[in-house]
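Note that chain A is present in both complexes that follow, paired respectively with chain B and with chain C.
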Partner chain A sequence: MSQKILTRMGDGERLAMDAQEIRDDIRRGTAEAARRAGVPELTEAEQEELFAILAEPGRIVSVEPGREVIVTDDGCSMSFYSGQDGGGVGAPLSRLQAVLTYERACGADTTSMGHSDYSYKPVKPIINFEANDYYNISQVTTAPFLYGAQPNMGLYFQPDGPCANAAELMPLGKIDEARAAQEEACEHLRRDLVFVGRRLAEVGLEGLNFDTCGSAGDADYLAALQAVEELKKDLPDLPIIMGGAGEFVLGMHGGVEYQGRRLAGLYPHEQVKVAEAAGVDIYGVAVSTATTESVAWNLARAVTFVKAASEASSIPVHANVGMGVCGVPMMEQPPIDAVTRVSKALVQIGKADGL
Partner chain B sequence: MSEALFQASVDAVVRGDAKKAEELARQGLAEGIEPLVLINQAFVPGINQVGEMFGAGKLFLPELIMSAKAMQAATDIINAAIPEGNAQEGRGRFVIGTVEGDVHDIGKTIVVALLKANGFEVLDLGRDVPTDRLIEEADKFNAHIIGTSALLTTTMPAQQKLEEALKKAGLKGRFKTMVGGAPVTERWAKKIGADGFAEDAGAAVVVAKQLLATN
Partner chain C sequence: MHTAHIMASCMGGIRTAGDLVAWMQLTRRMKIHEAKRYVAEKLGVDVFELTDEEIMREIRKDLGLGTVTSIAGSPKGIRAKWRIAELLGVPIRSVQLFRSQLGI
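Take a look at the complex of A and B:
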């Protein structure tokens, strides 16, 4: 009887697979990514290395000494004080206490804060409060302290915002109107991203994170790129991190371009190049986890995308290892066995510069 | 001749050319091709190809919508040509909405487009839809399936609330239920008693057809 290896499905369900099944899933996962993005599959040796990581008997695994990377925070300290319904643990901590706990007790490489809505639009009317909080906390932190949120262009469509709702116009066949609404929303979003970035820079912002760019499609992604470019003109030393929303940029508009490049359908190795051209300092690759496939399949797929992005990139690539991303199962509390295996594989095989 | 017409029909759907799709549907009927053969061999492969290209990021939402409209235009013509009593089983009626408290509707919009393209009659209730309204509208629409989308872990419980409300009202057997959305999983669907789960828009069509077949 072959030895069973404990692993998980993409929805976190535990299961035991035999070695051949895991190897088969790795092969299928890397082939799927390669076919979609037009990038090379993982080599036989890389597939074996990935198998070895997945088959390690310990509950948790880690990278080899000397191959450690840094972790870029995107709102971890918010999980300390938000309640269970918000995905946190509900500890009675202030923002300041949460950031310091994360930095000093957890030994975080970087820390961050963001509005609890985690979108830039709601920050605009309360920028003075946010800037004040940012300033106060930044005075007592040592590690790089970032401000982060999502562009989230959806908030600019009616009834939440001023623009006609593209998601309602599109099914009616009003393609031109839907596209115009997205272009208008893109402009509002770009302005707000720049506004928040500049105001925080006035109080000594150490780094800005545009997280999950493109979640509302290619125009959302464009707004982030344009905002980076604009901010970098005034603030060339402001570090800006930009993360994707999935393995390809969703074409809700389908026609928007940045520097002559159509954004819809760009895969991570292409995303990182447009981000680099805009002036981004660190790019966060995101690959959606398929809940109906195994961690082996998902991770092989994610490593293939991340490796191609790392090879193409001239800036650091930090792979996203959050809930339901890059092979991490879609669970409210991602299981440590899977998270550590994903982290190790993305760094050692995918050559991610950070997480 | 049929093969050329079938291929031209596939191309028309992929290009989202409704006028051409209508013309080819009429031409196919005029040539005596059985309506169901015409749908299944000339147009369904086209919309399937569109679904695959969309899933791979090779074709985008505006094109998907245009293709769905081309498909609908052709199938309307062909369906009208099917003799009374000979018709394929009725089109599935699908009520869909993003659950109460959740304003995300991009994914749902894509599901609606693909369901329509595959012949479903869809009543899209939009976003932030209360459970009671989902049930009322499903009743009025005489729906086969109620589909709900939730993008947030905090709004997923509304999908469970729907299951409980249907059971309480004695309607669980009348409507099939489907759930979807970024944090939603097969395990969640089983846990709450939903009849179907779909990971993406393409899978939603497949699952909806399966549920319809068991109705």
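Take a look at the complex of A and C:
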């Protein structure tokens, strides 16, 4: 009988590891996260609990009864009808059919819809179409029905947008110009996020999701925070979810601040505090999966970040668990043995309020 | 992948009380344990029973909160959400719009 434990690499490749190798990777993963974020490592007992989850002999695992959490989503119903680029299976369903299937056949806690591009900028010119679909679907759904997309500030730079391209200016040493371009793009983005939120609010929007905030850096993250604050002034009863793009806010600008707090370099336990101050109702922690490390290493690292964020936060913390996030292997079709172990560990050890 | 997370960790949506607990996180910023306690108290059940299909099925049917299988003549969609908003005492914006259209 082999003493090896079946597990995965961060790119999904299956491998068999010794128990000691897995324990070593857990120790290295939690130490790496703790060192980077300045948060505590997982305790010996927590590391052993994580090992037990990874070593469970079953093909899939689950949380213990009574420890279930809320699973929100980022346009999961779109995966029914979209194609490969959206992780979709290409079933010929309308948006309405897909949302109801997700709610009723899958038993999801929340449902959502979004533009196929999954960015806010392209929503603006078709806002009436989106509002019409949102309104019609919201009349027949029972579970919370959200509208979501990514701020995606990159779309505001030339040649796709009006602002000078910061990523082209920086290598030329034009740092001030690059920063000015990002500040200009941030302002365009903030206005678009507020525009879409307000328009959908007119048709009974039940919740808005700013997903993957900061993908273009700290100015992108700032625009989302400012948009939340502005929307909440007019619409205090509009629930808003905000999710990060990685374990720390990229300092593409480096100098932007929100309420006196520099955003570049914020880790999840700090991100939740600025999100909370802006008026966010649920915060989604994202931690990038390293493809060259094992799931044990990646998951120990992600659980360490998520646990610190959950303990620091007064609002619900949901761990983002899409492809290549929070320990889920970075591949188009993540294996369910790894996915369910990530799910269980983030809830039971990471103390996430949801996924 | 979504289904794997639902099977591993999810409360179960309208199969059980997942949507009700989700409303509390969204509208009152409640962490998971507080949200579960609040909903359990409103339903008059133990927290542990919130994810028990055998118990929640009857409660949802009796209170008109919407059931996962389609019962002809039973509230679903916006009418179920109206009842959920009243039961939990939270604002659901689609329900508020619907009520305003009815002049209520």
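The working rule: the second predicted complex is superposed on the first by the 351 of 355 C-alpha atoms of A that agree within 3 Å, B and C clash if a C-alpha of one lies under 4 Å from a C-alpha of the other, contacts with A are read in each partner's own complex, and residues count from 1 in each chain.
Convention: a contact is a pair of C-beta atoms (placed from the backbone, for glycine too) under 8 Å apart; a residue touches a chain by one contact, two chains touch by 3 or more.
Since we're looking at a predicted model, the values are computed, not measured.
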### Task
Superpose on chain A as described above, then tell me if chain B and chain C fit or clash.
fit
### Query
In the superposed arrangement, does A:145 touch chain B (first), chain C (second), both or neither?
second
### Message
Quick one: is A:291 in contact with chain B, with chain C, with both, or with neither? Answer first, second, both or neither.
### Response
first
### Message
By the touch definition at the top of the document, which applies to A:87: first (chain B), second (chain C), both, or neither?
### Response
both
### Message
Touch test for A:217: chain B only (first), chain C only (second), both, or neither?
### Response
first
## Note on the structure
After superposition on A, vertex chain A (C-alpha centre) with arms to chain B and chain C, in degrees to the nearest 10, comes to 170
### Task
Could you tell me if A:322 is touching chain B, chain C, both of them or neither one (first, second, both, neither)?
second
### Query
Among the partners chain B and chain C, which is in contact with a greater number of residues of chain A?
C
### Task
For A:44, decide between first (touching chain B), second (touching chain C), both and neither.
neither
### Query
Of the partners chain B and chain C, which touch A:64 in the superposed model: first, second, both, neither?
neither
### Where chain B and chain C come nearest after superposition, their Cα distance in Å
16
### Query
Residues on chain A in contact with chain B in one complex and with chain C in the other?
87, 323
### Message
Could you list, by residue number, the parts of chain C that touch chain A in their complex?
### Response
1-16, 18-19, 21-23, 25-27, 29-32, 35, 47-48, 51, 65-66, 68, 70, 76-78, 80-81, 84, 91-98
### Message
Looking at the complex, which residues from chain A come into contact with chain B?
### Response
10-13, 36, 85-87, 154, 160, 167-168, 170-171, 173, 175, 178-179, 216-218, 247-255, 264-267, 288, 290-292, 323-324, 330, 332
### chain A residues touching chain C - in the complex, by the definition given at the top
60-63, 65-66, 68-73, 76, 79, 87, 102-104, 106-110, 138-145, 201, 203-207, 237-239, 241, 281-282, 314-316, 321-323, 328, 333-334, 336, 339-340, 343-344, 347, 353-355
### Task
Would you tell me which residues of chain B are touching chain A in their complex?
56-63, 65-66, 69, 103-106, 108-109, 112-113, 116, 124, 126, 153-154, 182-183, 185-188, 199
